[in-house]
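Just dropping this structure here.
All chains are identified by letter, namely A, B, C, D, E and F, in their written order; residue positions are counted from 1 within each chain.
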Amino acid sequence: MPIVTIQQFPRDLAQKRELARRITEAFEEVYGARPESVQVFFQEVDGEHWARGGVMGCDTPGD
Amino acid sequence: MPIVTIQQFPRDLAQKRELARRITEAFEEVYGARPESVQVFFQEVDGEHWARGGVMGCDTPGD
Amino acid sequence: MPIVTIQQFPRDLAQKRELARRITEAFEEVYGARPESVQVFFQEVDGEHWARGGVMGCDTPGD
Amino acid sequence: MPIVTIQQFPRDLAQKRELARRITEAFEEVYGARPESVQVFFQEVDGEHWARGGVMGCDTPGD
Amino acid sequence: MPIVTIQQFPRDLAQKRELARRITEAFEEVYGARPESVQVFFQEVDGEHWARGGVMGCDTPGD
Amino acid sequence: MPIVTIQQFPRDLAQKRELARRITEAFEEVYGARPESVQVFFQEVDGEHWARGGVMGCDTPGD
């Protein structure tokens, strides 16, 4: 622990890399966690597998 | 919130669209939730990534 | 399958009961699923364990 | 979206508040996400509900 | 990794301890995983937070 | 229930089959669960969707 699972729209690798770096740094600085104990999982979801307000993402103009 | 995550076999888009619509409507009518606050995620799983009774889905005749 | 996991604010049992009934009915009618195959899990979260916009739920006026 | 779910040992509210603030800020700065679109869920787990290396947390000296 | 999350009815600590031990052993023997890399999370759910077939667990005679 | 969700690196089908068999057997023998009540989900994650210590899996030599 800690285990961080992120449900998000697809992003390029450079953005995920930077986000994982910053989230892990936050755990180190706020919790005093060892960085090696922090794992981050990215679950990327497209608009055919996600709805808000009862409408699929692919049926609406973006999020 | 609410966040709804569904683990299911693959379904076509029309079925997921209708299901998301009906689930969101249930939150509105039963909880009084604003529809825009309801998000539904579909995690589709095939028979090579799911087992029941210790047997992979791909090794059994359907579910 | 299907497995439905709901992250939500606490609700009373009568509301959860009605929601589970309606969600299961939607799977039956839209997917043709057997009702016994549908499981619904309620994960209730209070404002000290959830944030939106970087602000904890307990620090804001409701959701 | 994005939805962030954190499985962690219990922490006090001040720490969770600061962590949620920093994680949300990272999504804004790295992804250009609107802060209101970011939700963070804290799932706190004690040593009687977590094991590593096949040993329950409550049977070992800390993590 | 691997991260194992178990949604189950409440069980006593001795049972969870033995289950975690056996699951971790399976990862070692089947995958060749290092035991320290295996984490198991127990999410215990009572009959007021779970439904099957559209009926809450607390409204039916057991599972 | 029980529902078991495994986040792991990709493995071949034969390994997942054997792991699911052994995990289900553990629930039977330790909890006395009926095997048909046990479902196992495999969520396979590659090194572009997982980080440890703030470093993406694809940027490090294995796990």
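Methods note: a residue touches a chain if its C-beta (ideal position, glycine included) is under 8 Å from a C-beta of that chain, and two chains touch if they have at least 3 such contacts.
Keep in mind that this is a model prediction, so the values were computed, not measured.
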Neighbouring chains shared between chain B and chain C, ordered by label: D, F
Intersection of the contact lists for chain E and chain F: A, C
Chain whose mean Cα position lies farthest from chain C: F
Chain whose average C-alpha position is farthest from chain D's own: B
More contacts between chains, A-E or B-F: B-F
Length of the line joining the C-alpha centres of chain D and chain F, rounded to whole Å: 21
Between chain F and chain C, distance of the C-alpha-averaged centres to the nearest whole Å: 25
Overlap residues in chain A, where contacts from two or more other chains coincide: 1, 3, 5, 7, 23, 39, 41, 43, 45, 50
Arrangement of touching chains [line / ring / star / complete / other]: other
Which chain pairs touch, all of them: A-B, A-D, A-E, A-F, B-C, B-D, B-F, C-D, C-E, C-F, D-E, E-F
Chain F residues touching chain E - in the complex, by the definition given at the top: 1-9, 11, 15, 18-19, 22-23, 26-27, 29-31, 37, 45, 50, 63
Residue ranges of chain E touching chain A (in the complex, touch as defined): 1, 3, 39, 41
Residues of chain E touching chain C in the complex: 7, 43, 45, 48-56, 58-59
For the chain D and chain C complex, residues of the former touching the latter: 5, 13, 16-17, 20-21, 23-25, 35-36, 38-44
